[in-house]
Structure formats: C-alpha cells, structure tokens
C-alpha cells in the first residue's frame, strides 16, 4: 500500500518534536478525520533553519510530516510557501489514492506555521514602530 | 519473520481439513450439482451433506431452511431486501441498530432510498442494545428487525433472544447477522427464535466466498438474483460445491471443537486484555466485559492513531486491525465506536486483536511485550499527549 | 469404472495449477484484502494480479474495468439490472434474445415485473440472431441490449461485433454473456465493442463460485448488493481471494493454451459429430455447423428422450447433458431448442457432449461405440419410432 | 437421484413391447412434457393376464411403466382400477419430487387401457345385443 519511502519516514521520522520558542507554529487537521499535525519552525534572515513536527495520524500523516520538515529546512520563506501537498507526496514516491486528500496535510501545516511566523513578525514590527 | 495473526474477525485461515475437502471437489468430484450423471450426483450429495452440517451446527429444524450464498454480505442483503420486497405490502418500516456491519446498514440505506423507513436503535457505552428500546421502535408497519448477534468490532453480544420474543408479540420477523458468532459461541436458531440468520464461511476456518442464510420455514423471501432453479430459486447460480462442502466441513469442525475452542480462547483473551491494561497507561477496553466474544480484544489507546499502531505492529510481524477511518479509506472513524459514545480521537486510537485457534500463549505474550514500546514511540510523536 | 467426462459446458474440473493457487490462498496467504497488515497486502496483490490476468485474456484496456462476482449468474444479473436501474431515467426498454441463459432471461423477467419492457429477438434454425432484427427492435427508450456470445446448449456463436456496432449508432449499451466463450475462443472486448461482459470461473478450469463482469469505463452501473468498499462498492463483500486468484490463473492458462486448445478440441468435436451421424440413423446436429464453439456437439436423436439417454450413458461411465425438461425438473424442453424451431419431441431427444482439454480421442471413440446400442434399446421401447 | 429399484427397472424393464390384438390399450402424456406412455392389456375373465408398454420418456417414466405392468398382471379389472400413481411410485421406493407429477403417469395409462377394454367390451356386448 505504502511506498518504501513512506515506510522509511514512518519508521525513522526526521524532526519529531517541538521547538522551544519557535518563530512560527501551525496546526491542521481535526479529530474527525483522524489526522492532526502540528509544525514548528525556526527562521533566521527569512530562511527556515529548523522545523519540527508532532503528528497524530496514520502512516501517511507521519511520513508526510517528516518529509515536509526535511524539505523546508534551508528554504527561504517564499520558497517554503511554494511547497505543495502534491510535492510532499511526490517526495515520498506517491501516496495511496484515499490518503491523498485526507492525510496529506503537511504543506498546509507548514504554511500555517509560516503565516504564524509572519503575523508574529508583523506584530513585533508594529510593536516596535 | 515469525508472524502472529491476530485478525481472525477479518478472516481466518482455512483449516487443513476444510482445504482437503475443497480440493476434493475441485480436482476429483468436480461435477455440477444439477447434472444427471455420476459427477452431478456426487456433487449434489456433497451439497446436501453440507446443508445438514450447517443446519446441525445452528440447530435448524431442517437442512432445507438453509440457503447457500457467496458470503455474509450477500446473506445480509438477501435477508433484509428479500424480506422487505416480499413483505412490502404489509409495511415499509425496518428496525436495525447503529452498530451493524455495513452490509446490513447499507442494505437498509438502499431500501431507504427506495421508500422504506429505517429506525436505527442506539447502544450503550459497551455496545449493547436495550431490548425495550427495540420494543419502543416497533410500529404498526414494522416488517423486520435486523440486529446482529455479535459485533465484529468490539465483540459485544446482543440480547437477541429477548428481542426475538418481543418481535413475536408484534408479529415482526427477526433477522440476525451471526457472521461473527457462529463457530465461536454456541448458536441455536430455535433458542434464539430468529427467522433469518446470516453466516459466512471465512470467519470460521472455511473458505471465503461462501456463506449461508438460515430462513425459517414459511418466511417470505424474494430473491435478489434470478437464473436457474438452484437453491429453490431463492439464490440461483451454479452452486459453489467445493466452497459449500468446505463450509460444511468447517461447521462440523466447529461443532467438534466449540466447547474447547471457547474455553481456550477465553483464557488467551483475558491474558491479553490484562497484559495490555497493566503494561500501558491510558488504555480503555471497548465493548462489554462479559457479554463478549471469546476471541475479541478491542482497546482504545489514548493519543495515538490506529493505523500507525497497526503498521508498527506489522513491522514486528503482528497482524491486527483497527476502527480508525484511516484503515478503511473512509472519512469517519468506526461508526460502531462512535455510536458507543467514544470521541473521534479515542475512536481513531482503537486497536482490535481477534484471536484464533492457532494462536498460542507465546503469541499473546509477544504482543504484550511489543505493544508498549510502539505506543510510547507514537505517543512521543503525538501532539495530543 | 473409467469415467469419461463430456459435460464441460456444465462445469469443468479445476486445473491442478489453479487448485495449487487456490490452496496457497486458503492455507498460507489467507489474509483479508482490506487489511492493513502483511497478510492483507499479499491478498490485495493477489486480487489485483488476478484482475490483470482476466483483463489480459479479454483485451480490456485496464484491469480496473473488471469486477469480481460470485459467478456467471451474478455477473449477468449485475450487468442487466445494474444498467437498468442506473439508466432508468433514460428509458425502460431492453433487448435480449430468445436463447439466452436463464440468468439473463429471468433477470429480464424480474425487470419486466418492475415495469421495464423486454423484447426477445428470435433466432434462425441454427440458433443464430440476425443483427438487423436487433436493429429493428431498437426504440427511442432502449437502454440495453444483452445478447450472448456463445450459446451454452448448441454452441452457436452470435454476431456480437455487428450488433455492438448497430447499438453504438443508437447510443445503446451492449452486454454480452461470454460465460461459454471465454477460454474456448479468442475474445476481445475492444474488437467486440461491448460495454459489459460476463465471465464465470468454473467454465474455464477455474473454481466454481467466482466470476467477473467487464464494465467499460464510464458505463453507468448500480450495485445490487450493499456493504463495504470492496470492488469500488459495485460488488461489496469480503473478496474471495483464493477463488479470484484461481480464476486469474485459469485466465493465464487459457491465454497460454488457447490456440492449441481450440485446434485440439475442434478435431475431437468433428470426429464425434461425424461418428454419431454415421453410426446412428435419424440424428440431427443442433446449432450452427461453423459458427460454433469448438467443444460443442449437440444432437437430436429422434424418438427417444434425453434423460434416458443420459442415464444409459452414465451407466457406461459417460457424462453428458441434455436439453430435455426431464433433466432440469422444469416442465418445458429447452427454450433454446424450441426457439430454434424444433418440435417438443425432438427437443426432448437432444443430447449434448461438450469436450474439454482432458478428453482424448479414445474417449470420443468410446462414445461413438456405446451410443448406437443405447439408442437402439431406447428406440425399441418408444411408441414414437 | 433415483432409487436402486428405479434404476433396476430402467436397466431391465419388464414387459416392453406391444401386445398383438390387445383387449385394451391406452396412451397418456404429451410431447410438451416429454413423456408418452402407451399400455396394452390382455384380459381373461375380468382378470389382466398380460400387460406391455412402450414409453418415450425419462428414467422415471420407463421405470414406472415397467413396474406398473408388473403390478397389474394377475389383478382383476376392479383391482387394477385401484392402482394409483402413488402406489406405483412407492413400489419403486419413491421418486424425486419433480418426477412425481410429470413422469408418474403409468397408473393413468393403465386406467386408460382399462377404459378402452371396457368400451370395447361394451361395444361388443351392444353389437351382439
């Protein structure tokens, strides 16, 4: 059902955990569909220098979280915004059809974390202005 | 890798004795049971012997009260739609429960779309129906009550005897889906008082693709499929002689082993429940503690999701199942667990181990050994814990 | 007693290679194809491999155009009723032939009772339909044409390609019952141009109780049975993995052997026809001399009745079949022979020998040796000769 | 499907053939249902001294013809009239359900032959009267 890449990321997920004092964090999913992803990012000079996740969900949800955090590291905020769920799935060699929409939310979580980063930044800028 | 199979409610291995029978009717006695010649007669005899074996296991008055089908799903559809169409002049209301198998629920949905009315009676936190709730649901135009004997997910047994007694007062027919019960616990259609009962071969060490429907004499039934004169025209199609003979043998085997199977599985089951409960924090047993199939262990493990548990178990060679939507490709967690009042998160975190006659105590102990580390690892990844 | 089986159109023995596959999925790889774990994955793969094997044999564009069923009867019912219900808004008229198998005819009868209209196109004296008669039967509200590819009694092949081409002009869907054809002659759904096609495992050295329905992409179809998400919800029920894998293997075998099987059977068939015709007076070959299955010999033996011939043959160890009502318990002789214009007496006196890959020339010669004395004895008892 | 008695009578039927100058003959059945039975009887002093049959039909039809001709021999006309299809079937140890009505016509054929005998007798008596 799952590709080897999915199983590898499920078995040895990268970047599990929380970042203390993250620059951005975002959560997607809901209990009804059985997948909840939380992403944390650390940003320096508009570049994502670290990313971590915590995920409640199926194999696909954990693997996409893992690979997405890998993909985003080193990317600029703008580049990170362009990461799509489809790219995440492709990086894993594809996902089963029924997992494409319901468990493939890692890019969404990432974008939320970036939104959060930018809100905080804006708030900080406004605060200092 | 040594593999431990603990998913017997999904399907069972075919018993070697059953496989030997299937082989005989594939390779040597391969006739069509409708044929006039020697090969046909041998096949016909095998069919009728199997019918007697099934009848015998479930205490049917006569083998002629059994129809062979392609499995539990077809038996459920034939029972429910067959009675609905045959009795449509007398009423259009059907009562079922919220925790039935999809074969029953979706057959009812299909009837609803055609103008029948369906009442789904709820269950308590342990998955059990109140017979009086069934009584309350009965109306003047109720034609059928379909309630399962044993639930496939949590193993809860239903008070079918009481429900059938109530139904009788109102002259309403009763169907029970006994797919998970037959071969596991003693089932007697006369004691239960049901009019129709579904069975499936592959849940009882028989072949997949064969099932039976008990139809009490004089119960009105309209066939869903038309063709030749097979199965009294109620279920046409060249009879699956090998499969049916295999199912007969599986019934014979069940009859021989029932008491000891029951006892043996109960001991393993309780060892597994105790082991899991004592080794892992924040775990709940789903279903009824006593009114329960002897082979069913269903637990909710708070904070983690079922499919990821199954994948982790599978990597250790342990085969189990789950009520998480993620395992089925549907978008909702098990309708059964939700009907019992579990929250979505907790329902998603359910795992079901269903034991079988080949499981050993070592298997149970290995699950108890492996599961805690799996849970710990997944909980460490989870935002919910 | 050495027994000669010449009733392959009733059912075939399961090929040992097929039985080996069935055994593997009964005893070792017994998982439920819906399960997440190892056993489930192996079962799922077997299912999809089998789907490809079937698709490959019949030239389907994609394996996803195949649904597995419990046999030819279910495939016919699902095709005809499934399209009728799905297209009922577009029309209620269905065209079929007078010589279809009962699965098709009685499915049509059931639809007729629900308000559909059925036209049964007749056949000529050799059991062949005129495509133009089908054209003439098409109306504005015609939604489906169901005509068999090869007749089970007399082996006549129908001009499905021409019929499908006509249907296309009028945007009418075409189903063909190819239960007797697949595995015997080369069948290609693209060349035929049909939208739906029924297959059955046990007519091609596969197991009983498994069949397939080819459903061309985008063909509207309503399931007749409800339940889980199996077979795209069009045919729910735990998949009969062993049976399906066996059917896949049977298709692979058919593909490998088809040319040689065909050639071999043709030679035996013609030897048997010639032998019977030359040894017995007042015998007629039923069906078309050329447009005919390579394994079918159907003769009417004037003055005597089919079942008594079969019993006599059976006492000599020869298994055959007949279109006499007496063999089926119905009250009418074969509707197919009657539709071809045979009188009742002559229809009652039909015998069918259907050859298979295990028959040898000696078998044919033994039939030619035994049959004349049987006929003579029965004719001596008959008031009609 | 058939009892041994049926198969024995089918394999070695008794009284096959015609009686030349019979005292009565009767035919039942029709081609539609696939069974045609013709019975011939020879009567002396109101006693059936011989009976023969010719039958087109299935195993049951031939066996019932055979056993019925056996049963009737030696019986008086009155006794012969009392032979029923059911008795014929019983003499064979029973018949399959679907054969009970459609192929179990031997007693009917016998009764027709008796009718014919009595008609002839009456005609003869009237002729001589």
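Letters A, B, C and D mark the chains as written, and numbering starts fresh at 1 in each.
Here is the rule we use: a contact is a pair of C-beta atoms (placed from the backbone, for glycine too) under 8 Å apart; a residue touches a chain by one contact, two chains touch by 3 or more.
These figures come from a predicted structure and were not determined experimentally.
Participant: Centre to centre, using CA atoms, which chain is the farthest one from subunit C?
Facilitator: Computed centres place A farthest from subunit C.
Participant: Report which interface contains more C-beta contacts, comparing A-B against A-C.
Facilitator: A-B
Participant: Between subunit A and subunit D, what is the gap in Å from one C-alpha centre to the other?
Facilitator: From the centre of subunit A to the centre of subunit D is 92 Å.
Participant: What is the distance, in whole Å, between the centres of subunit A and subunit B, each centre taken as the mean of its C-alpha atoms?
Facilitator: So the centroids are 41 Å from each other.
Participant: Once you find the CA centre of subunit B and the CA centre of subunit D, what distance in Å lies between them?
Facilitator: The computed centroid separation for subunit B versus subunit D comes out at 56 Å.
Participant: Give me the residues of subunit B that touch two or more other chains.
Facilitator: 36, 307, 311, 327, 329
Participant: Which parts of subunit D, given as residue numbers and ranges, touch two or more other chains?
Facilitator: none
Participant: Could you pull out which subunit C residues touch subunit B in their complex?
Facilitator: Interface residues on subunit C, with respect to subunit B: 3, 5, 7, 10-14, 16, 18-19, 22-23, 26-27, 30-32, 34-40, 70-74, 76-77, 101-103, 106-107, 109-110, 200, 202, 207-210, 224-229, 236-243, 307, 310-311, 313-314, 317-322, 327-330.
Participant: Hey, which residues of subunit C end up touching subunit D in the complex?
Facilitator: Listed in rising order, the residues are 303-308, 311, 315, 324-327, 329, 331-333, 343-345, 348, 380-384.
Participant: Residues of subunit C touching subunit A in their complex?
Facilitator: My answer: residues 36, 41, 44.
Participant: Note which residues of subunit A are touching subunit C in the complex, please.
Facilitator: Against subunit C, subunit A makes touches at 1.
Participant: With touch defined as at the start, can you tell me which subunit A residues reach subunit B in the complex?
Facilitator: 2, 7, 10-11, 13, 16, 27, 31-38, 53-62, 96, 98-99, 102-103
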